[in-house]
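Below, each structure is written out as structure tokens.
Same chain, two partners: chain A is paired with chain B first, then with chain C.
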Partner chain A sequence: MQQILFNGLVLSASYAVIALGITLIFSIMNILNFAHGQMFMVGGFAAYYVYGRFHLPFVVGLIVATIGVGAIGVLFEILFFRRVRRAANREENSILLAVGTALLLENLALFAFGEKERGVPDVVDGVLRVGSAYLPAGRILILAVSVALIAALLLFVQGTKIGRAMRAVAQDREVTLLMGVDIDRISAIGFGIGAGLAGLAGALLVTLSGVSAGMGTTITTKAFVMIMIGGAGVVAGSLLGAVVLGFAEAIGYALLPGSVTYLMIFLALIVFLIVRPQGIMGKPWG
Partner chain B sequence: MSSSVPVKPRRGVILGGALIASAVMLTVSTVAFADDILKIGVLGVMSGPDAAWGLVSKYSAEATAAMYNEQGGVEIGGKKYKIEIDSVDDQADPKLAVTGAQRLILQDGIKYMIGPNVDSTIASAQPIAEKYDVMMFSYSFTRSLFSPPHLNTVLGIIPGYQTGPVVFKYLQDHEGLKSVAFVVLNTAEALKQRDESVAAAGKLGLEVISSTDTYEEGATDFFPVMSKVVGGNPGLIVLSGVSPADAPKLIKAARQLDYKGLLEAETAQDINILDQVAGDAAEGFISLGGASTPEIQSDYMTSFIDHYKKIAGEWNDEAGTKAYALEMILKTLQKAGPAAIADTELFKKTIPDFSAPNPFIKGDQELRYVGEAYFQQKRQIGLPMVINTVAGGAFKTLFVGTVQ
Partner chain C sequence: MGLNLTRSDARATAVLPVGASGEPRPRRNILALAVAVAMAAALFVVLPIGLAGQPYWLSVATNANALSVGALGLWLMFSIGRIDIGQAAFAAVGGYTTAILTTRYGLSFWLCLPLSATAAAALAAVIGVPILRLRGVYFSMITLILTEVTRLALLNGGALTNGAAGITGIPEAALLDTPLRFYLLSAALALFAALLTWRISASRIGSVFRSMRQNEALAASLGIDVTRYRVIAFALASGLGGLAGGFLAQSQQNIFPATYTISDSISFMLYCFLGGLDYVLGPLVGAYLLVFAFELLDALQRYQALLYGILMIAVILLVPNGLLSLGRSRTRR
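Now for the complex of A and B:
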């Protein structure tokens, strides 16, 4: 049981870091960032090269990944999404554009980095024993850093001027515009932060999961599951979704045959969405 | 004005014309001789999470082609043919495998194809290949795909249900193995492999501690699934159908959970990824290998590795098994004769008695077509079953078995 709890905690923390970025972008811009997993992947490659190949400190890899992928996010918003939003009325256009950016990043990564999986050694070695549970030091570090990141983001969103502006845009874009807030600037910053969070998550988890050019789609799918559970566009909801998914996976794998675990998770998700389509903390549509 | 025409100039014109014509014909025939092309198709998954499978097939074929082309081409029936590789990405999608096969066969005139890489794409490309009598050297494990009435598909690797019994027996005899557990990727193909290996373990009298533990494609954290498997304390954990990307993470999770037993994969793995991701945890890990460990690789294999690195940028150990496909096609064509380039019936007639020296491994090993015991016909490349173990961060050959 202790091992299951620890596994669930680490999974939840990892998933929460993944879910935060996509939630932020959706809350501000109402765009489901289909390239989220690919941005995660690019962040992973950044950390691989900085920490794994050039042997610079891991924290430098995290910074490079965050800033680099964040810059990609800002560029995407300014060059692609802003123009499509202005030119088109339908949300599907943004969705298609997001899918296109996902394919672009994935194929660029395949071209630049090749098809092989890459990995890096743990940042810290050793395994702690707590009761019957094995707690590798590397996973404890990921748990701790993830919790710190989540706290930092929540403080940013709640306590800074830009954070308040982002929350205002998320609540009511038009009124915020009328209040004199530069929506375009906030959207670009929001997209950049969301993308940066994806890159940071990829860099942080590269010691756990490795990185390969094709890994993005699965990450995006899991992120969507989490925000569906917790409520799209609600930061606290995405955290809750991450906890639910993380523990469901940890408990499922421990108690059920592996092939049944995700079957049950998706069945439960379907039933849940029928009953509460807006997620646990999301607002009802309309 | 004289009406007579000089004889010598007319003769000179005719002689000169004949000389020019001969020179032109010689030039044309030399050009045709140098430019005879043998096109080989490669159809496989070259993008997405499984890109490595198809790309390694493609790079391996290109490496072999480059080696032959540097010598002027492959000699078949006294004539040299330059080899051209024509590849299509099917993205592991059966629909794209159909269109890819159609393009290669109908548009590009391919008669010999390497790939596809998974059951579903082989099954979808197979009817087209059979209709137009094209030979496919494919990579999958489902027996029916290589059994009658499918006469045009050859298995290019050694599946888990062939390695399993051999490795289990070896470990029983040398390590006193008594119990085994299985962890498998949750796909139809991998689950079938697992089932066959479970049956093989049972036949040898091994206790199967667990065989229902699976993980989803794209999983990144293997602690949950390995926590359960390790808890049963098996003597050997078999990683069935695992890709080179997942194996190191599974190994690392098992060792971090203080698992002290043996770990084995029934598929080819990559030492660089094992070293990067699992590090010391991979020590002693057993897997199917190609002819790429220094103690058994020939100079020809060393040259193949060099050519592969030039094309792909770096070596991938999986290419140690995929090196054989194009080599086998070319050597069989050499035996069958030039008419077989366009007529695969002649190629198929050559298969039963085919034999050639294995160029990739030191010693006198022969390459043959095998598989009668599994497919009721010889439709498998008789690769040497090289079983590797990780020692000091490198693959070391544990033993070399045979499919037979």
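Now for the complex of A and C:
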């Protein structure tokens, strides 16, 4: 039982990094980043090459993954999403475009990295024993980095000028523009940070579950489940969603065979959405 | 010019009858008839004669027809303004319906095909009631998850679905013993799906659908039972998906949980808006173009998925209204 709780905690923390990234992009730009899982995957490969292949310190891998994937996010915003937002024809177009970027990124990765699943050696050795649970040091590291990161991001969004501008854009785009905020710049930064978070989460988790070019859709699906549980676009909701999913997955994997866990989670989600379509913390529409 | 009539008028306001926007009704109907006849001629005369003696290409065209059926269904969802990333789920449901009924119960394929469509439509009607309450990206997210749920359910379906091993050895159907006959059936299904979709979009229901795309709350305030109509749209769309799935299961004679994944759902979407979301013929044009392009450009097959991604982005940025809109702007302006 303690083991399950610990596993759930580690999963929750790393999922929260994913959920925060997709929420940031969604609330600032009103774009659902379908490529989030693919960005996670690219981050995982960055860490694999830097740390696993070139044997540089793991921290370097994390930094490269964050900045590299963040740059991809900024590029997507400038090259694609900005243009569609300006054209402002059908709302569907931004969703379709996001799906297109996911397809593009996944297949580029398939070409660049192949289909093979890759893993890296442990970053830190040792196992802690608490009660009946084994706590590998690697997982504790993931937990610590994730929590620190979430705290840093929340402080950034709450306390800095750019963070304030982001929250303003999320609340009302036009009024923020009238207040003299460079919306294009804030959008690019927001997309960059959101994508960077995905890359960083991927780099962190490569130590735990490895990385393969085809894993993106699974991660995107998980991110969607989290924000649908918590309420899309609400930061606290996305954290709550991550905790719910993390623990559900940890408990499910301990009790149920393989793929049944996610089948159950999905079915539970659909039933939950019948009762509360806007998620736990989302605002009801209309 | 001939394409204009199949255009569902995007600017039609709320519940105006179709005849009141765009061209007068009789003229539209005559043009529609002309396009239908031209399409039937292309499907039943030009293609079979052109591809006679080339069973491989005939089977490519068969595939394009079947995918068109699923894409035409999805087009109906686009017409109510929903992005449905779950069409592959209903193709899988249709495929498994045919596979299970033919192999386990010895039912005739000719009976299973309509049953596949019915099963998919019925399932869509049931789950549509809760999930259609979700709008915009929320609906897209849940339909994407639906594709995944279906795959996992089929994987864990025990004796009924035979897990990852899938169902193989679907027996050959009566009368369907040559590639040409398979092709003719697929062509008939594609024509049926196109006529059905056109008929719906040109009728009052089509206007209701478009009004819902523009503003669901406003449509509801005019007395339209939006809950009912969006379930109808979803059931029709998914029914066509099931029809395509049933046919494809028979033509491939096997089906697995991995036959239909999220990327298949996305391909259906791509067919739709490559052709153009404002045109009933859009999905058909899109499916034919993509399926044939990749068969013709043999060297490109390896890059198919990558090119789909690039194409998807390029179409949205460069021709956001689809390829058929290019012809229109030339003739009109």
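One rule holds in what follows: the second predicted complex is superposed on the first by the 280 of 286 C-alpha atoms of A that agree within 3 Å, B and C clash if a C-alpha of one lies under 4 Å from a C-alpha of the other, contacts with A are read in each partner's own complex, and residues count from 1 in each chain.
Assume a residue touches a chain if its C-beta (ideal position, glycine included) is under 8 Å from a C-beta of that chain, and two chains touch if they have at least 3 such contacts.
This structure is a prediction, so every number in the text was calculated from the model and none was measured.
Chain B and chain C, once both complexes are superposed via chain A, clash.
In the superposition on chain A, A:14 makes contact with chain B only, not with chain C.
Shared-chain residue A:151: touches no atom of chain B or chain C. When the two structures are aligned on the shared chain, A:110 is found in touch with chain B and with chain C.
Using the contact criterion defined above for the overlaid structures, shared-chain residue A:215 touches chain B, although it does not reach chain C.
Once the two complexes are laid over each other on the shared chain, residue contacts for A:273 go to chain C alone; chain B is not touched. Contact with neither chain B nor chain C is seen for A:1 once the two complexes are overlaid on the shared chain.
When the two complexes are overlaid on their common chain A, residue A:84 makes contact with chain C while staying clear of chain B. Once the two complexes are laid over each other on the shared chain, residue contacts for A:249 go to chain B alone; chain C is not touched. Applying the stated contact rule after C-alpha superposition, one finds that A:262 touches each of chain B and chain C. Here chain B runs into chain C after the superposition, and of 117-125, 153-161 or 369-377 the stretch doing so is 117-125. Put simply, chain A uses residues 106-107, 110, 217, 221, 259, 262 to touch chain B in one complex and chain C in the other. Chain contact summary for the complex, chain C toward chain A: residues 78, 81, 83, 85, 127, 130-131, 133-138, 140-142, 144-145, 148-149, 152-153, 155-156, 217, 262-263, 266, 269, 273, 277, 305-306, 308-310, 312-313, 316-317, 320-321.
Here chain A touches chain C in the complex through residues 26, 32, 80, 83-84, 87, 89-93, 95-97, 99-108, 110-111, 217, 220-221, 224-225, 227-228, 232, 259-260, 262-263, 266-267, 269-270, 273-274, 277, 285-286, going by the rule given at the top. Residue ranges of chain B in contact with chain A, taken from their complex: 46-52, 55-56, 183, 186, 191, 212-221, 223-225, 227-228, 243-245, 248-249, 256-258, 270, 272-273, 276-279, 312-314, 316.
Every residue of chain A that touches chain B in the complex is listed here, in rising order: 3-4, 7, 10-11, 14, 52, 106-107, 110, 114-121, 127, 134, 136, 139, 205, 208-210, 212-215, 217-219, 221, 249-250, 252-254, 257-259, 261-262.
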